[in-house]
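Sharing a structure below in structure tokens format, with a few things to ask.
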């Protein structure tokens, strides 16, 4: 048997977990691009270093985003990946697919690209992994034809994403799928034509479990919640009591606010102290349900560490009802983006700008009230600014 | 040419049972690892089977998946926020046959409840220009070893692992139970002949979190104060003429204790556990061992429903380091802008 | 290193067609490149206004202006911008204007 | 001339019973408010009577105190870290007579256990050059009103109040259950004719926490960006030619929830409760009322042994503001360097 | 009756708390200085503003510190407080006095000053409040004569202070009184002759209750603690059990580490989890005592908010035995002061310098090991510096 | 405003004797003040060296040097410094050298 050309990568075909190497090899059978990718990757494994040049600016007509340019630094060895750009395809809300739609994507990609994909990228797009510059426009045209469009890249609104929500989850407090689709459609221009100081991400989770990690990865996080009392079904509580769930230990003792009382028969929740963490509901889905007045909390500023350290989104609007046509939230997004675009420096994310100019400036610009829900605790330093109208101006 | 048509409407992608019960689900049960049953107020049920995926998929595999979905799910499936594949079964009778088919085709089924689900990860050497390590490789090597935790639900709680191949953290590893992060450790070298044509000097200067870069307007280039550089690579992101990758010093750091959900404790950042492990392809044994060790110590010590971060906060970081045998070094002590917030300003601590 | 030739001059450019030596920029270069950026025919006054605006800004501040600023300073909107430069300001306009290739945020 | 002799040796100042039981105390009891009994391993006891003091004492009063100490304490007494006077009684029989004498002379006895002890405070208008309020005055006005809490032990826990008359915080109010802090609210005006002779420009520029001051080297003076100034007064501290005091805008802010001890919870900073109350001498009624209100809401709501900060952390700041009726404003939201650490990055909060 | 000249201040002679106004009036009977102070203060009450000029640099021969200069801004009205300097007199450890010592202070002060004092200042000194420039040296001479010396001011070591400790408290884990005295005597030069970038404060509490607020107010905080098990006297536990102390609720439930178990008869402490917060000991002083292996934790960096926000001291040395002649701690103080003096900017406190240069730099300079006790949690940002020796230098 | 007179000139000084107008400083001023700062007789070369050092530093950097720097740069220790200026560097030396009055840290 001929000695393998990819001995290192071959090692990664062993083991129980499905192998990405096998995937590349499958594609390589049909695609010379995929084949060169395989071998360039083997070289990286040998050299312990990547073999892509920096950057690349390519695209399709009328759009400023949606394609990531990439060029090999060893086109001498791997001419078929000299150019190897990815196309970000905006996924349907909740990553739901009918197989025919998926197949049409595959057909287009086999025709224009390497036959390799990421299902999906971290932001949410279906990533078509690797094609040449001259295929970009034709591929895009075929995608449009099939009902697909590109996602965001660059200093644009990025492809919004959301949890499965009402599509399958009993805890959804907002219609994450619909809102996500609605915002995506509403902000097409912002997604496709970079116009901001930097990227802007929107992620929607329909309850505080935050299955789309919205609080950690979005400049604008929408997370479902409720007002009023957790709904209790006493019969189902009893059923849990006689299951192997230890209600006292596993539920009540782990309630962060200790606002539950279990006397062995009845479960009592002091709802005014509940901070809606979801823990008890998570453990007893048949017995407990979120309260009936539902909506979302809007949090802003989340992002990865570059430049000033990672940020988790901060509470901005404690409660907002969210129903079509979603005017209030669209308006809020617009006003935020406007303030940010007006004041932000190049490559400054929203959270960084708020940090730089101060929450009070941001709130004032948006005409939003300060509420204690916005902070873990009030300030400890005495460096308090007063507004001109707070001060007696006459003096001296 | 039509542009801005947006993505397909999700309403055209959801199975009829979802359409009918949309927003009216009543409860769910995990029937077994990887198998969920959601019951609507109507009494109707949807069965979901979650299968592991390498995320990097060939069209051939996608077609194979479609085939399965056609056979058992009336052509409906979805992907999860952690890149697993979910087969959406409306017809209960098709559930077991589907599971058998998946077993036959060696798809791991699991990732639900108190398991380790798929590792969120990024491009690495496959497609990015700034990686300090590969992404798919370490993920595959690790998932092979902890496969058991994917297909069972025996851990104290969910364990979410993520990998990012550089500090840009596309994998958003900053809030993971266990995070694997590629890091550089070499100060970039500005190529003075290329900087003037390739880079915006002010942007490059501004890109440095520690202010290590100075503009040299006369020569239209920049200089780096080596002592102030912590190899984040952000200057390279904006200025291609400052390469940073270095096979001998690039590698991986391990972070622990982050979470995203609001259940019990509030969302937390992951914290540094191991500052550096070497890039040792193809199977990154040091990384795999280190992560396994942490998982095992956690599994042995944590109480039920306690996420990694919650467990550590209960026992204390002193204990975390002594139990895992990971050495504590000055690198663990923050020295960035808000460092002092992390310093211990109390007498409350454990001896180990 | 790819090159393009025009009017007897050879320009070194990168894979994306950005000038390798920014000092070599001249108006013929811009015109020659227009067609690759989906601009039909010769560059109009409006094109030149923007190109010179970009060059001036870059010379003065060492960076490309943010899009919002481009629009504001030139009294145009995004639509107009994409009409003039169908491949977008970063790829199209900056390339023709001989600015260093925009990086990073993609 | 002899210099550097240092303070008197404490060994010459401690009563014989202390000498004998030094370092060998076994336990203590609070016999009643203000009266402690410490028992040594030897079985011997020392009785301490704690009396309130205005801290600002005339030599005449000190002599009077000495007289008392001579009569009941063999001439031994001490002061506490909160400036109370402690009479050290070795002879149990002298305890009641001492208490009677103190009552006769109207010395308040108390400050032990779950009480409000003396208010740590500073110079104010009596002796300092940067105060935004007086120190002794508000303290006296407040102690008069909360006297009851000094002489009883009926609160849920210790309540430590401190006052500092400016942001230098000589009173170290930053970790008090309730802190009263004098604040300016007027941007200082550099006097360009005096700055050059009186001030070091670089020092003045460096003194500003928010970078509001720019050096004007040509005119040897400085300019202030009014928008960036939050009236801390530090520039005035280093540069006398930038007066900041202003009768109409100076005043008092109230801070709550700090503590120093490590008992139960770790030491904490006080947090802003009320950004501004006017200076209203001689009895500062707004300040007295505000502090009393907080104490009363706390006393009614806290559990036993719960310090103010621990109580607030249990009920949440949302609830603190709704219970006390104090309005929450944008001033409560931090906007200094580590502000983002205080922003709520979770879904866990109360509606009120 | 003649109308009072101090109607505002007179209001503050009412009420139950001893009045500082009465004190000033008492002194005013004998001292014109005190009398002018009284009237200047009345003016301040009327004007709602202080009437002291900025600063003042006065002192005694051979010392650079110990006196705070002060001048009235209305010498026209109050000539006797035209100069009104305070003298800081270093107190005896623990503020213990024999009455004869106190009386000698009073005598000196009646002779040289206003007859007003603060017993004591926040740092710890006995403050002699107000005298003229020409009395400074003679007053100092008389103080020396009587066995007293000045405390610190300016960019000097400030008068160290400590809790009553072994002098009266059963929980003292270190001899706070002796250590305080010892350090004060040892560092006389540093106290009296400013030689640092800024002030430096040392405070010693003999147990974690920290009755001298060391962690909040000292650059160098020494706080007593112990290793090993809390000593339990079971008989006394039972006595408490039958008192009105609810051991479960008041003691165990409030233990921050929940490391105590009470079964109604026996109290068990899982000492390896105890963080020595003192709560249980505080509540049951007869039954519980700190462990037998005693020493102190050294923490550094505490300070008030100016310039970069307040800091609480940070753990530097988790455990240090402290016994005469205290060589180890003296050496540590010297090395810290040396590093700080070498690297600090003018008016930069130790904590601010550590913040600026990084804990790792500080630890390396002091040759102290990093330990997890130093942090609440390891870093979250990935901005990790490696030392040259960590890196393979050969490459590239 | 207090004043002192010497050699026919009048100097305005503050209560602590610091010059109100720093430009008015001259060597007579320094000498005249020496005695009030407990320096006996005429200023020695060592005094002048320090005074000029302080003045140069102040002129160059706009601030008074920190004590440690004074000692280092002049090869003296604290003891020597107090021998030369018994009232200390801040009060004694800076005053004689005609620097602005040290503030703040007292």
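We call the chains A, B, C, D, E and F, going by the order they appear; numbering starts again at 1 in every chain.
The working rule: a contact is a pair of C-beta atoms (placed from the backbone, for glycine too) under 8 Å apart; a residue touches a chain by one contact, two chains touch by 3 or more.
None of the values given here were measured: they were computed from a predicted structure.
Show me the overlap between the contact partners of chain A and those of chain E.
B, D
Starting at chain C, what is the smallest number of hops through touching chains needed to reach chain D?
2
Which chains are in contact with both chain A and chain C?
Chains in contact with chain A as well as chain C: B.
What chain is the most remote from chain A, judged by the mean position of CA atoms in each chain?
It is F.
Count the C-beta pairs in contact for B-C and for A-D, then report the pair with the higher count.
A-D
Relative to chain E, which chain has the most distant C-alpha mean position?
Result for max centroid distance from chain E is chain C.
Just the number, please: Cα centre separation of chain B and chain E in whole Å.
One centre to the other, that is 48 Å.
Just how far, in Å, is the C-alpha centre of chain F from the one of chain D?
Roughly 38 Å separates the two chain centres.
Taking the mean of the C-alpha atoms as each chain's centre, how many Å separate chain C from chain E?
Those two chain centres are 65 Å apart.
If you average the CA atoms of chain D and of chain E, how many Å lie between those two points?
13
Mind pulling the residue numbers of chain A that touch at least two other chains?
53-55, 61-63, 68, 189, 208, 210, 215, 256, 276-277, 305, 309-310, 312, 346-347, 380-383
Please output the residue numbers of chain D that touch at least 2 other chains, ranges allowed.
In chain D, residues 167, 169, 174, 203, 207, 209, 232, 237-238, 240, 246-248, 262, 267, 269, 336-338, 340, 345-348 touch at least two other chains, as defined above.
Can you list the residues of chain F that touch 2 or more other chains?
Within chain F, the residues that touch at least two other chains are 63, 101, 103-104.
What pairs of chains are touching here?
A-B, A-C, A-D, A-E, B-C, B-D, B-E, D-E, D-F, E-F
Under the definition above, what is the set of chain B residues touching chain C in their complex?
Residues 196-203, 207, 217, 237-240 of chain B touch chain C in their complex.
Can you tell me which positions in chain E touch chain B when the two form their complex?
208, 210, 215, 223, 225, 227, 256, 272-277, 297, 299, 301-302, 311-315, 318-319, 351, 355, 358-361, 363-364, 370-386, 390-392, 394-396
For chain E, which residues are in contact with chain F within the complex?
53-65, 68-69, 71, 82-83, 153-155, 189, 193-199, 341-342, 346-347
Of all residues in chain D, which touch chain A in the complex?
167, 169, 174, 181, 183, 185-186, 189, 209-210, 230-232, 246-249, 253, 255, 257, 269-273, 275-276, 315-318, 320-321, 328-336, 339-340, 342-351
What part of chain B is in contact with chain A in the complex they form?
1-10, 12-14, 18, 22-23, 25-29, 38, 46, 48, 52-63, 65-67, 69-70, 75-81, 83, 85, 106-108, 120, 122, 124-131, 134, 136-137, 140-141, 143-145, 147, 150, 167-172, 174-175, 203, 206-207, 209, 232, 234, 236-238, 240, 245-248, 250, 260-265, 267, 269, 279, 281-283, 304-305, 336-338
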